[in-house]
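One chain, subunit A, links the two complexes that follow: it is found with subunit B in the first and with subunit C in the second.
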Partner chain A sequence: MAAFDYAPAIVLLPFVSFLVSLGAALYGDDVLPKGGALAGIVATAGSLILSLWVFFTVSAGNVYNQTIYTWTTGAGAAGEEALELTFGLLLDPLSSMMLIIVSLVALLVHVFSLGYMNDEGETGLPRYYAGLGLFSASMLGFVVAHNILMAFMFFELVGLCSFLLIGFWFREPGPPSAAKKAFLVTRFGDYFFLVGVVAIFATFGTGRFAGAESFPVLAEEVLAGEVAVNTFGFAPTTWFTVVGLLVLGGVIGKSAQFPLHTWLPDAMEGPTPVSALIHAATMVAAGVYLVARMYGFYAVSPTALAVIALVGGFTALVAATMGVVKREIKQVLAYSTISQYGYMMLALGAGGYVAATFHLLTHAFFKALLFLGAGSVIIAMHHNENMWDMGGLKDRMPVTYWTFLSGSLALAGIIPFAGFWSKDEVLYEALVHGLGTDGGLGTIFLVAYAFGLLAVFFTGFYTFRMVFLTFHGDARTGQARDPEGVGWNVKGPLAVLGVLAAVTGFVNMTPVADLFDLDIEYLHRWLEGPEGVEFMSALSAHHYLELLESDVTGIHAAELDPLIPGGVSLLLALAGVGLAYALYGRGEPEEYTAKLGGVQDLLYNNYYQDEYQVAIAERVVLPLSRAADKFDQSGVDGVVNGVSSVSLFSGSRVRRVQTGLVSNYAALVTLGLTVLLVAFGIYGGWLL
Partner chain B sequence: MVVYPDWAALAPALALAVTGLVLLLIDSVDPDDSRPGLLAGTAVVGTLVSLGYAGWFLASGTGQVDGGTGAISLYRDALVVDGMALFFQAVFAVVTALVCIASYDYLKERAYQAEFYSLVMFAATGMAVMATANSLATAFIALELASLPSYALVAFLKHNRGSVEASLKYFLIGALSSAVFAFGISLVYAATGSLLLADVASALSALDGGLTGVAAIGVLMVAGGFAFKTASVPFHFWAPEAYEGAPAPISAFLSSASKAAGFAVLFRVFTTAFPLDAAGVDWMLLFQVLAVVTMTLGNFAAATQETVKRMLAYSSIGHAGYALIGLAAWSGGAPGSVENGAVLGASMAHLLVYGFMNTGAFLFVALAEQWDVGRTFEDYAGLGSRAPMASVAMTVFMFSLAGVPPFGGFFSKLFLFAGAVDAGFWWLAAVGVVNSTLSLYYYSRVVKALWVDDPVGEFELGGTPTGLYVAVVFAAVGTLLLLPGFAPVIETAQSVAAALVP
Partner chain C sequence: MVPAEWYLILAAAVFCIGVFGLLTRQNALLFLMSVELMLNAANINLAAFSYYWGNVTGQTFGLFVMALAAAEVAVGIGIILVLYRNFSAVDVTDATTMRW
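On to the complex of A and B.
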């Protein structure tokens, strides 16, 4: 397939734009028009076109799973295949869909940056666009990775880029510290991921995602008793759960799930387009995408699934409650991101592979839209992000308002916007699997579902609190009364995303399909993948369902009409919106949160998550480090120094044997020989 | 297809011998050494021809088991040409070529150049024959042929007290060792009635109990004779003095080629003539003891030296200890088996790598002597900025000698230690690793002096001696090329080592 031959260019194009911008940044500021933006736009547009081509090729029933470059081949122990570390592409329905999301959002963010960065007269633009280019390239490389080590490498690159971009304004105090925090917190998770990668290679001898020799397939065969792998003395189920949870460490860090979510709100210190990119399509999405990518591996481990579901549901609720009290517009969005990714994790954990992917898709569009809309507002407000200083922007910036509203309706989950359909499916999957599954697993799913359902209310509330505070009512400051205008490069991306946020949900309208018995679940069919390709059968949604319903996992779906739970969640969302309207939508809004008293403090301080983590670092880790340092200084160094002084001392003794007198040497040679003769003679039994 | 006579298999050795004679001929025509270039050129061409033959034979399978003729026995089994002999002959030829190229500059303005080159050639001939010796008698003769010119060469700077004194000590210890060696041979002959290695082996296996002690003393004394040549404890005392006193190219020659020759004959004699179970001596244990003591003593003494050349001399003793692992961990598996060759071949490969890096290091010392910068570590300070290319080469040698990746010395040590571990002697490998770690200390002192330290005083480098530079750089390139090229080297070495015991 020609499209597949060109597929590496999807990754390489943004990388080239990175190199171009990097060259410009090293050479000086003014060598590229628009500070390197054009190179990035052309590159991501090229990636988008190629991604669409790949998408259509995949929809014609072709898939691709090939190694492109083998960079190391191990020797291989006796009777085992040599370990190979490779780069390669896996282009299947999931990755080709993700490619479009990433390249589209990257393109729009590049265009938007023209308005947000260039028009605002920022300096250091080549550095900025170099970062964006590398960011896009890393994420695209991560998406197409066909083995987990390659995925890990690009995963780390994504983390590096987010560090570089969050800290873009490195001369101010906030951004560098936020960048460091993002880097360190995600790195904490990545340690587990790395150990997990090594464990996967050690267990299965391969890191491939797809194919007969891939690790999810091998895991399945091991559990079916068909093949055996080294599980290091554990029962296979236990070991696979351990490995899955190790990898999940990286996912929780990157996708900002509880308790490693704390980096994400701080990451708002970065430029707003970067936030859009991080939240919608790259960094945060990487974690969830990884679970989806190797879903076959998780699907055979009920414990891992339960953890995923519970973490997801809990995060969804906790983050939503924190979003309720925030003052800055981007802070609200940050917590909404955490919460929404919690939904995706909930879906993955509760066996809703399609639902999670669906929500990943819709969320990418409406969250990118909301961030870019917030960026537009921030431009207009001269970089004041406090919502209490806004108000009444509705009439002064209509394009931003209407698109932002579309995104907000999607986020809140109001029919018929995109978020409603996907969130509804997430909750539905959690509910039916919770009801249908026996024992503790079912209960956990139900608890997670309850978390998620409750979060719907808060989501509706904080979303429209934000909308009302920002756009409705009267302008509360001079800035809001006279906002700065924004150009086409801001409005264009907003318009595109505004439409997508409204309509993307139509690709998988499960309740409608059930109600009218229509065959319109396009996404579901898409993720089934083409038939007749061997490796695809193990990657299809259908196969995942089989795995979940197998005896190993034992998840079953209850029979339930999708209309009732859908109606419940819609009602809750509407209730949230209504409450927001009642409190903030009419006349002059008040700071009702002040009436919450202690709860307000708790929420403002994000349940003291940062504080307890800092306390752990200071009270536990620091003394331990000091002790280790002390041991290193006195114990290890002492031994090393001692060894070296003993060596030098004995060296100088040895030197003395070399007297310079040849008669001594002759005597020593003879003596030495005699000693050997006597010793070996006695040892050998022929002397004495 | 042309069928060559069997004696043609000796071509690598013959080429060296003929070159030595040609040099003498040139000298008789032109006794004043008025054309040093011709002398050096002849010597280099002769060694390259020898190298060419050895390489060609190795590549075409002459004397080898795999796709070749099998070992070629000559002169009623007194000599044998097989893969191991050719491998070592290639090592000698490379080292000799480097030494000859470097000597062109080193000998400038000195008398008796023709004698120098021809002595080097005859010594090299002796080494080449040592590698093929298949009888204790030829081993002894070849060893003397290699040694006697060496004594003279060490004393080549005959107005230099150090050079002459070193030569005398070398000669005296050498004479003692030869006496021990010859006595050992006679005892073995007394017990077995043969000097041919294969016959010795079969006779030892069928030995009457009463003669075991005689044979065992003989075996130990033969080991002593080889220990002298390889500069292993306790026959190592000559080495630091000789290496330090000798002209630096000769130090390179002795510490690389001559040592390798000692190992060549040591490997052959012990693996073919003295079966482990019948020799009366557990010689694996013997070499384990010698390896540990030798490498430890060499490295410890090297760590406290003040002059670079003497440090290299001790490090050379340390490397003899590493190479001894080849016998110390020799598994003695089934004849011709892979296990047999693994660690022995690794030891041979180490000697090849060592040939490059150690020769290069001594030649750098020759370069420094030529510049007259001094002998201690401190005197080398600041050379990095004045002679960057040579200093880079020296840095490569030092790190490679220490066994730091990514240089040739790393891989050879890796295979050597891995072979020891595979054979079940992990403690031997552990001692080796500890010693290598210690060696990094004193090797890096040189590197630090070259690049980091500030020079004590002002000094001028007197020009760039082309020949020395070429030799040093070539050795460095060789050390580096052995990194990607290590796979064929180790494969060849291990397969020829496996073929050693039929």
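On to the complex of A and C.
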């Protein structure tokens, strides 16, 4: 397939733009026109076109799973295949869909950056565009990775790029520390991921995602008793759960799930287009995408699924409550991101593979839209992000308003915008699997569902609190009365995403399909994959469902009309929106959340999670490290120093023999000779 | 014929005088002379045994030892000259700067 031959270029094009911008950055700001933006735009547009080509090739029934480069081959033990570390591409329905999301959002972010960075007269632009290029390239490389080690390497690159871009304004105090925090917190999760990768290679001897010799397939065969692998003395189920949870550590860090979500709100210190890229299509999406990529492995471990569902549901609710009291527009969006990725994790945990992928798709568009819209507002407000200084922007910036409204309706989950369909499917999957599964697992799913359902109300409230405070009512400051205009390069991406946020949901209208018995669940069909390709059978949504319903996992779906749960969540969302309208919708809104008193402080300070994490670091980790240091200094080093001090002391005494007086040496030689003669004499029997 | 024991006693006496000089003197030149005495004590032994056994190998060795002693004196005198140049004396107890 010609498209597959060109597929590596999807990754390489943004990488070339990174190199070009990097070269320009070394020679000064004005070597390239627009500070390197054009190279990035051309590269990501090229990636988008190639991604579309790949997409259409995949939809014609072709998939691709090939190694491109083997960078090291180990020596295999007798009778076993040698371990190979490779780079390669896996292009199937999931990755080709994700390629389009990533390259489209990356392209729009590049265009938007013209308005947000270039037109605002920022300096250091080649450095900025170099970061964006590498960011896009690493995420695209992560998406197409065909083995978990390659995925891990690009996963880390994504983390590095987020560090570079969040800390772009490194001369101010905030961004460098936020960048450091993002890097360290995600790295903490990645330690577990790295151990998990090693464990996967040690257990299965391969890190491939797809094919007969891939680790999800092998895990399935092990549990069916067909093959045996080294499970280090554990029962296979236990060991696979452990490995799955280790990998999940990286996912929780990157996808900003509780308790490693604290880096994400701070990451708002970076330029707004970067926030859009991080939150919609790249960094944060990477975690959820990884779980979806190796879903066959998680689907055979009910414990891991329960953890994923519970963490996801809990995160969705906790983050949503924190979003309610924030004053900065980007902070609200940051917490909504955490919350929405919680929904995706909830869906993945509760067996809703398609629902999670669907929400990943719609969220990418509406969250990119909301961030770019917020960026537009921030330009208009001269980089004042406080919503209490805005108000009444509706009439002064209509394009931003209407597109932002489209994104907000999608985020709040109001029919018929994209977010409604996907969020509804997430909650529906959690509910039916919770009702249909026996025992503790079902209960956990129901608890997670309750969290998610409650979060819907908060989502509706904080989203429209943000919309009303920003765009409605009276202008509260002079800047809001006379905002700065924005150009085509801001409005264009907003318009594209505004339309997408409104219509993307139509690709998978499950309730409508059930109601009218129509065959319009296109995403379901897409993720089933083409028939007749050998390795696709293990990657299809259908197969995942079989795994979930097998005896190993034992998750079953209850029969339930999708209208009732869908109606409930829609009503809750509308209630949230209505409450927001009642409180903030008219004239001069008050700070109602101030009346919450202590609760407001608790929420505004994020449940003091930063504080308790710092406290853990200071009260527990620091004394432990001190004790370890002390033991090392006095215990281990003490033994070494003690041994050496004996030599030192005895040497310092014995060396006195070397007087430098030649007479003494002569005396010693004579004495020695005499002793020797006497000894020989006694021994030989001449004397005595 | 003088018995071999007498030669051996003479050699031992000369050798002990040499050792005594080596241990008690501080003058480098006397050191050198003591060493010559010890070498000659060995030479007496070689010559005596050669005569005793009627074999010239020992006397040949005696010639070698003399050549060696001459060479040794050449080197020794060189060392003593350097010693004098550095310490303005030929007292061996002065040259202790490289101890320890």
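To be clear about the criterion, the second predicted complex is superposed on the first by the 630 of 688 C-alpha atoms of A that agree within 3 Å, B and C clash if a C-alpha of one lies under 4 Å from a C-alpha of the other, contacts with A are read in each partner's own complex, and residues count from 1 in each chain.
In this section, a residue touches a chain if its C-beta (ideal position, glycine included) is under 8 Å from a C-beta of that chain, and two chains touch if they have at least 3 such contacts.
The structure displayed is predicted, hence computed values, not measured ones.
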Which of subunit B and subunit C A:71 touches, first, second, both or neither: neither
Which superposed partner A:56 touches (first subunit B, second subunit C, both, neither): neither
Which of subunit B and subunit C A:608 touches, first, second, both or neither: neither
First (subunit B), second (subunit C), both or neither touched by A:684: first
First, second, both or neither for A:644, with subunit B first and subunit C second: first
Partner chain in contact with A:234 - subunit B first, subunit C second, else both or neither: neither
Subunit B versus subunit C, judged by how many residues of subunit A each one touches: B
Set of subunit A residues, in rising order, touched by both subunit B and subunit C: 655, 658, 660, 662, 666, 670
Residue ranges of subunit A touching subunit C (in the complex, touch as defined): 655-656, 658-663, 666-667, 670
Residues on subunit A engaged by subunit B in the complex (per definition of touch): 644, 647-648, 650-652, 654-655, 658, 660, 662, 665-666, 668-673, 676-677, 680-681, 683-684, 686-687
Subunit A partner contacts - residues on subunit B that touch it in the complex: 168-169, 172-173, 176-177, 180, 212-213, 216-217, 220-221, 224, 233-235, 237-238, 240-241, 280-282, 285-286, 289, 297, 300-305, 438, 441
Subunit C residues touching subunit A - in the complex, by the definition given at the top: 19, 22-24, 26, 31, 92-93, 95-100
